[in-house]
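I have a structure here, written as C-alpha cells, and I will follow up with some questions on it.
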Amino acid sequence: MTKRVHSREVETAARTLLAERGVTIPDIAEIVFEMQSPFSPNLTMTECIESVDKVLTKREIQHALLVGIELDILAEKKLLSEPLQAIVEMDEGLFGVDETIALGAVFGYGSIAVTTFGHLDKYKLGIIRKLDTKTNEGVHTFLDDLVASIAANASSRLAHRLRDQEERLSKEEIALNDQEEKIG
Amino acid sequence: MTKRVHSREVETAARTLLAERGVTIPDIAEIVFEMQSPFSPNLTMTECIESVDKVLTKREIQHALLVGIELDILAEKKLLSEPLQAIVEMDEGLFGVDETIALGAVFGYGSIAVTTFGHLDKYKLGIIRKLDTKTNEGVHTFLDDLVASIAANASSRLAHRLRDQEERLSKEEIALNDQEEKIG
Amino acid sequence: MTKRVHSREVETAARTLLAERGVTIPDIAEIVFEMQSPFSPNLTMTECIESVDKVLTKREIQHALLVGIELDILAEKKLLSEPLQAIVEMDEGLFGVDETIALGAVFGYGSIAVTTFGHLDKYKLGIIRKLDTKTNEGVHTFLDDLVASIAANASSRLAHRLRDQEERLSKEEIALNDQEEKIG
Amino acid sequence: MTKRVHSREVETAARTLLAERGVTIPDIAEIVFEMQSPFSPNLTMTECIESVDKVLTKREIQHALLVGIELDILAEKKLLSEPLQAIVEMDEGLFGVDETIALGAVFGYGSIAVTTFGHLDKYKLGIIRKLDTKTNEGVHTFLDDLVASIAANASSRLAHRLRDQEERLSKEEIALNDQEEKIG
C-alpha cells in the first residue's frame, strides 16, 4: 500500500515544477495587474504577487499543475503513446483536455475567474503568449492554460477582496455616521 | 396538474423573446463571423447564420433564454424583490448568476465554446456591446451573456464542422490516392 | 442610478428567504452528516451546522438563492410568462436551469462538491426529498437543487478540513517522534 | 512539424484502449439500462448499446479517454513522477483531476448528464464498481470516472430522445385528432 502524500509535499512539487518550466510568480502577477488595474487604480504589483501566491496554496490548482506539466514533459520526451503524443505535441486545436483541466482549477474562484480564463485563453498576455509560441523550445500545451487559470483565479480573488475592502470602509463610515448622530 | 409543454412551443417562445428584445440572428452571426473568419478564410455569413440557427434548436439554450430574458423584463418593470431587483437592474459586477446560466448553455459545445464565451464576456463585440451599454433603455443583465453564449456555441460548432469537412476532403484524396496506386 | 447593495444585506436576504421557504440550517446539516459520517466517524452535528453556516457566507451561494427562490415564488403566484410558468410549476424533467444555477454555486468547493451534488440530485435525502415531493404545497423547483448544492458544499468543505486536521496531527506526531529519537 | 491526427484514428485508439482495459460497450450499456429503465419501461439493451456507441463518436470523450487511460497505464508501470505517481496509484480521495476530466466530457450532454455522473461517481454501479475495487490488479483512477461519464452521457441522450419520440407520437395523435374533427 502506497503511503498517503502530505499536502505540503504536493504544494512544494507544484511550485517547483512551475519554476522549472520557466514560469515565475511575478510573471503571472503581471498578467493579473494588467487585467485588474483598470478596475482598481491603486492596485500594486505586491498585491498581485500575493494573490498569485495564495492561489498556489489550493489543492485543486496544485493537482492540476502536477498532471498538466507531467503530460507536457512526457510529450517533450516523446514518451506518450500515439496518437496522444502527436495531439499534445502539436497542441491540436480541437483537443480540449488542457482547457478542461485548467477550467476545473478555475471554477473555485467563481464566474469572474471563468470568464477571465476564457479571455486569457484567446487573448494570450505576457508569459502565456511566450509559452504558446516557443513551440520549438518545448511542449507547453497544458502549461499555458494552467498559467491562464492561475492568473484568472488571482484576478477574481482581487476583485472580491476589493469589494470587501470598500464595504469595510463604508461600514466604518456608517459606524462613524451613527456615532455622529448619537453625539448630535 | 399542469400540461407538459411541447418542445416546439418552447423553441418558438425562445426565438420570439430574442427578437422582441432586439436581437436578430444576423446580429449574432456577425460576431461568429468575426470570431471564426481568421481560422476559416472561406467562411460566409450564410454559414454563420445557419450555425446560429442550429444552436437555437437546442433545449438547454432555449430554457436559458426563457429564464434570463424573464428576469431582465421583470427587473425592467421593477417587479423583482429587493435586493435582487437592485442587483439585476445595475448589472452588479460580482453577481455571477447571469454568467452561470449562460455557461450552462455553453458547455454543450465543448471547451472551445467555453473559452470563446469567456472572451466575448470580457471583450464584448457587436450586439453584445450594444446590449451592455444601452442601460438607460432597458435591463439586459442576462441577455448580453446569453447572446455571448449563443455566439460562442455557433463558433465552436463551425470549428468542429470545418475540421470534419477538411477530413472528409482528405479521405476522398486518400481514396483517390489508393485508386491511383491500384491503377499504377 | 441604483445604489450598490451591501454584501451584508445580500447575506441577510438569502438566509431569510431560506428560512421563509421552510429550510433550516440543521435540516441541511443532517444531510451533510449522513454524507460525511461514513468517512469521518467522530463527526458531530455541531461541525455540520458550522460548515453549512460557513457555506452560506459565500456570495455565489447567496446570489443563487436570491434568483432561484424568486423564480419559485413567482411560479407559485403564477406570475411568470408562459411557457416558463408551466415548465417551472411542473418541475419539467428536461428543464436544467435549476441544476445549472445550483451547479454554478457548487463549483467553488471542488470536484467532491460537484459529484456529491449530482448524487443528492438523484438520491434525494432528508429535506431535499420533502421539498421535491410536497408539490401540492408550493413550487420548489429551484430550492431543492439549491439545498443540494449547499449540502454538497458543506460536505466537501468538511472532507478538505478533515484532511487538514489529520495532517496537522501527524505533523505533531512526527515532531514528537523526532523528539523521541533525539531523546534516545 | 508533426502531422495532424485524423479523427478516425483518434476514435479507433479510444475504442481500442477501452477494450484493452477490460471495458466493453455492453458493460457500460448495462449501467445505462439500470439508470434509465425506471423512466422508460420499454427501454431495451439494444437501445442502450446504441446510445453508448454514439457517445463514443464524440471528440471530447475520445480525447478524455486517451489522456485518462494513458495516466492510468503510466501509473501502473510506475512511470509517473512523484508525488503524482503515489497520488494516482492510490486514487487519493482529494485528488480531483480524474473527476475534472470526466466532467469536461459530460457537460456536452447537459445537466442530466452532470447529475447522473455525480450519482454514478458516488454510487458505483456494475463495471464502475469492478474497476474501483480491483486495485490490486491495476490502476483505474481515471478509467472508473471516464466510464461513469460515458454512461451518464448515454443516459442523458436517451432521456432527451425519449421525449422527442413521445412528442412525435403526440404530434401524430394531434394530426389524427385534427383529421377526426375534419371528418366530423
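Every chain is named by a letter (A, B, C and D) in the order it is written, and numbering of its residues begins at 1.
We adopt the following convention: a residue touches a chain if its C-beta (ideal position, glycine included) is under 8 Å from a C-beta of that chain, and two chains touch if they have at least 3 such contacts.
By chain, with names taken from UniProt: A, B, C, D = Phosphatidylglycerophosphatase A.
The structure presented is a predicted model; accordingly, all values stated were derived computationally and were not measured.
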Interface composition of copies chain C and chain D: same or different, split at half: same
Pair sharing more residue contacts (C-beta pairs) when B-D is set against A-B: A-B
Mean-CA-position distance for chain B and chain A (Å): 27
Rounded Å distance, chain B centre to chain D centre (Cα mean): 26
Per-residue overlap in chain C, given as positions that touch at least 2 other chains: 59-60, 94, 96, 100, 103-104, 110-111, 160, 163
Chain-level touch network, classified as line, ring, star, complete or other: complete
For the chain D and chain C complex, residues of the former touching the latter: 39, 93-94, 96, 99-100, 103, 110-112, 114-119, 121-123, 159-160, 163
Chain D residues touching chain B - in the complex, by the definition given at the top: 6-8, 59-60, 104, 107-111, 160, 163-164, 167, 170
Touching residues on chain C, where the partner in the complex is chain B: 1-5, 9-10, 13, 59-60, 63-64, 66-67, 70-71, 73-74, 79-84, 86-87, 89-90, 92, 94-97, 100-101, 103-105
